[in-house]
Amino acid sequence: MDVGRISRRQFLGGLGGGAGALAAANFAPIRFEAEAATPPSKQHQWAMVVDMRRCDGCEKCTEACQVAHHLPKSFQWIKVHKRTTKSGQEFFMPQPCMQCENAPCIRVCPVGATFKDPEGVNLVDQDRCIGCRMCMAACPYGVRYFNDTDPPAFDNPFGRPTPQYPVPQQKGTVGKCMFCVHFTAMGKLPACVEGCNMYALYIGDFISDIATNGRETVRLSEFLKDNDAFRYKEELHTGPRVYYIAGHGQDLGF
Amino acid sequence: MSRTRGLALIVVAFLAAFMLFGGGARAVSGLFGPRVMLDASGQLAQQGQSAPSSSGARAAPALPVSGVAPTAARALTSLSIQPATKEARGYALEARLVGKDGKALVGTEIAFYDVVELLGPREMWIGAAKTDGFGTVAIDYLPAEGGAHTIVARPTQWDRLAATQATATIQAVRVAPTTYAREDLPLDPFSVRVPSVGAFVLLSIWALFAFVVFGTAYRIPRGVHRSPYPGRAREI
Amino acid sequence: MDERTHRLYLERASANIGRTGPLWWIIATLLALVVAAGIYAYAYQVRNGHGVTGVNHTIFWGLYIANFVFFIGISYGGAITSAILRLTGAKWRAPITRIAEATAVVTLAVGAISVLIDVGRPDRMLNLFRYAQVGSPITWDWIAITTYLVGTLIFFALPLIPDLGRFRDTLPARGLRRKLYAALALRWEGTPEQERWLLRATLIMAVLIIPLAISVHSVLAWLFAMTVREGWHSTIFGPLFVMAAMLSGVAMVILVLAAARKAYHLEPFITRTHFRYLSYLLLALGAGYLYFMVAEYLTEGYTQTGETGAILRALFIGSYAPLFWAIVLGGLVLPLVLVALPGRYLVARASFASALLIAAMWLKRYLIILIPGITEPVSPLALYRPTWVELTITAAAVAAIPLGLMVLFALVPVMSIHEVEEVEGVVAAPAVTSARARAPGVAVAYGGGDE
């Protein structure tokens, strides 16, 4: 049982008794209060900033992501939505997984296959997922993808796919953007950030308070404050870790 | 609601940081690192290194004279670091830009960067400002993390000076309050009890099931009359 | 009930047992073929993944979930009809409780299988136990459904004991069926001790089954309502689902009663009176459901906060309007008017109205699973088209219900024999029974001239 799984936090948290008695020995106790006292990891707490002023909708990020994770074309873990303002002006909104602090997907998973890793990224254990798609129902952002067919064949050089490197995807399970933790763990930029020609995507870290798009590096907190960054569907209290910077007269809350 | 609380958390965290690092008797001790000046060639030009006052008094070290004459013909910028005028602002980064003739260059924008490590070494933008009549530019910086920071100053637009830069390091003791806070939902602590109640109800139901099933399996076979088929005798 | 009537009752109730005529075999084979086609479609889906179904990234739950909610809802109606009639001591219940309970058992089994079909990795279902997460509505779901399934089975099996005890002795001594009946009948002789215990156990189960059924259907609703999607995240969803379940369940009981009445020649016992009372129940539940719908849509439509405006627009005047108004007018208002009217053809009207209501309740579930396609504002309106795989499996699920009932009624009496003796006071009345018999109940003259 790794750290991420234990430190999962759930609404209706610690049923020690009933279901624990019903479930088998492997029932993961959901430690609730003890966990709130645990400080977040000092290493990194990943975040992302999307500067919509720069995005031209080229979908290079999507392509880079699909190459990095060997995904079919219909699997857009980072999806570039074309939207229009009230005045009719078009703009583009790249949307990765929001890596919510209060992730609804984690809360509703019946087997604990989705969990928050110590760096704040929500990962999917596809060896455990039963494919009920409750997480897709719960996700207000629609960033989860159900592997309804066999994924493209790929020989994982590290052996079996892991939550940190879920390549190839497993049929009948759910996958999603995982901020390329396999890259960030090696000190590389996530695929979409690396792939963006317009430098519209920033990967950031709350702890060191830095964000970078590969070319420019900024102070994360000041960058968000100075540019009136907002979070998508903030009112749902999911605590997204992806911030948007609007610049073309878009409504802040859409 | 959560924003208010988040704000409150940040304020509390800041106060805690202030108590630890900024306020009280040990406020100044170790707060300000040595003033370091570097010239453009990268040679260390330490000036009047002021040892951290250990007296505990709020005695700021003698402010270094900024805008020292360049040490080399191409060293157009000098950079000095000192405590900011307001403690909460951390460190003042001050640079002076002079021409080859030794005269101050006015109205040139100087940008400051912190050399950081995030998925590789990067220069993090701190801020920029234009030089004043003395050719100096100053900006406050409160790092997010303690420890050694390498600061770089460089003119932003002036092509002829683009290659010119000055660097200095600070031992940051004071740091900015963390911007990261958990975003818990209001009911979460309460909801721990809910499943226990549900489990109790569930177990009661299953206990009743067991009572009915085992009771039936036990009572009905034992309820047979000794006499043969009295129930069967009843005909309508 | 005079002796002649009672003998006729015995004869009709047990005529089906063990007698599977050619017509039985023809119908059963046809239904079994449909079920087999469904099994083939499922195998095809397992081999090729859910890509062969119509679900996509936006509408991730399809027909299977609609079926799941629908069939479990139907099961609810059977169980609760029987339980309420037992608890209120309604004397007219005796010929219909067996059919209602059997419907509950069969539809519940079909519903539970429907959700297993929907799961992407059926080979990992044990993970639900191994890694159970208390916070997940799915965990609540399987716990609630398992509990309810066990409860329904007990509730179905308890009144069977005396009936099986009666038939045990009439069967050939060495037959397999005799052994089965003897095992299930638990040496039933009809002694006062046995009667007393059986009554007590049945009442306990009748009391239990009502909150259980309510909780199961609330949990099903929470599968949707616990998400942050507008159109799903609604406080009324639990009660609404319970009401819809009762409505469709009672309608299903009416349909099965009408069919069983014809198939097993039960007209002397399942009379117009039964259909009239059940029609009243249907009317009350339907009116309640309409009220809940109005309460939901009026509250949401008045403010139209967030995306609810878009959802209601799509339902009332948008792309889903034909379906929606067909449900409301053709599937709710029209059937309720049909059953409310006095006059002739009562059984036919009640059956037709029940069929309409059942179709409407199914379509309503179908609309509910389509809602994410409307509310996802970022992506264009995602379309969901069920494929042949889903349609075949759905047809198989529908066919499995009459098939299951036919098989069940080839094994057990179609009407409860013991129960009619109990309400008619034929059996030795234990103390509890006589106390309850004084309670006001609805008396029905069996074989009366109502037909």
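Per-chain numbering from 1; labels A, B and C assigned in written order.
Heads up, the rule we're going with is that a residue touches a chain if its C-beta (ideal position, glycine included) is under 8 Å from a C-beta of that chain, and two chains touch if they have at least 3 such contacts.
Keep in mind that what you see is a predicted model, and the values were worked out from it rather than measured.
Top contact pair of chains, counted by C-beta pairs, is A-C.
Placing every chain at the mean of its C-alpha atoms, the farthest one from subunit C is found to be B.
When every chain is represented by the mean of its C-alpha atoms, the one lying closest to the mean of all protein C-alpha atoms is A. Centre to centre, using the average C-alpha position, subunit A and subunit C are separated by 41 Å.
Averaged Cα coordinates give subunit A a centre that lies 21 Å from the centre of subunit B.
Averaging Cα coordinates per chain places subunit B and subunit C 58 Å apart. Subunit B has residues 195, 202 in contact with two or more other chains. Counting partners per residue, subunit A has 11-15, 19 as the residues that reach two or more other chains. Residues of subunit C in contact with at least two other chains: 134-135, 143. By the touch criterion given at the top, residues 195, 202, 205-206, 208-209, 211-213, 215-217, 219-225, 229-232, 234, 236 of subunit B touch subunit C in their complex. The part of subunit B that touches subunit A in the complex is made up of residues 2, 113, 116-120, 122-126, 144-145, 176, 178-180, 182-185, 188-189, 191-192, 194-196, 198-200, 202-203.
Across the complex, subunit C meets subunit A through its residues 48-51, 53, 55, 57-58, 60-61, 118-121, 124-125, 127-139, 142-143, 223-224, 226-229, 232, 372, 376-379. Subunit C meets subunit B in the complex at residues 3, 6-7, 134-135, 143, 147, 150-151, 154, 158, 161, 169, 186-194, 197-198, 201, 204-205, 208, 212, 426-428. Against subunit B, the residues of subunit A that register as touching in their complex are 9, 11-19, 21, 32-33, 36, 40, 45, 101-102, 184, 187-189, 203, 205-212, 216-221, 237, 239.
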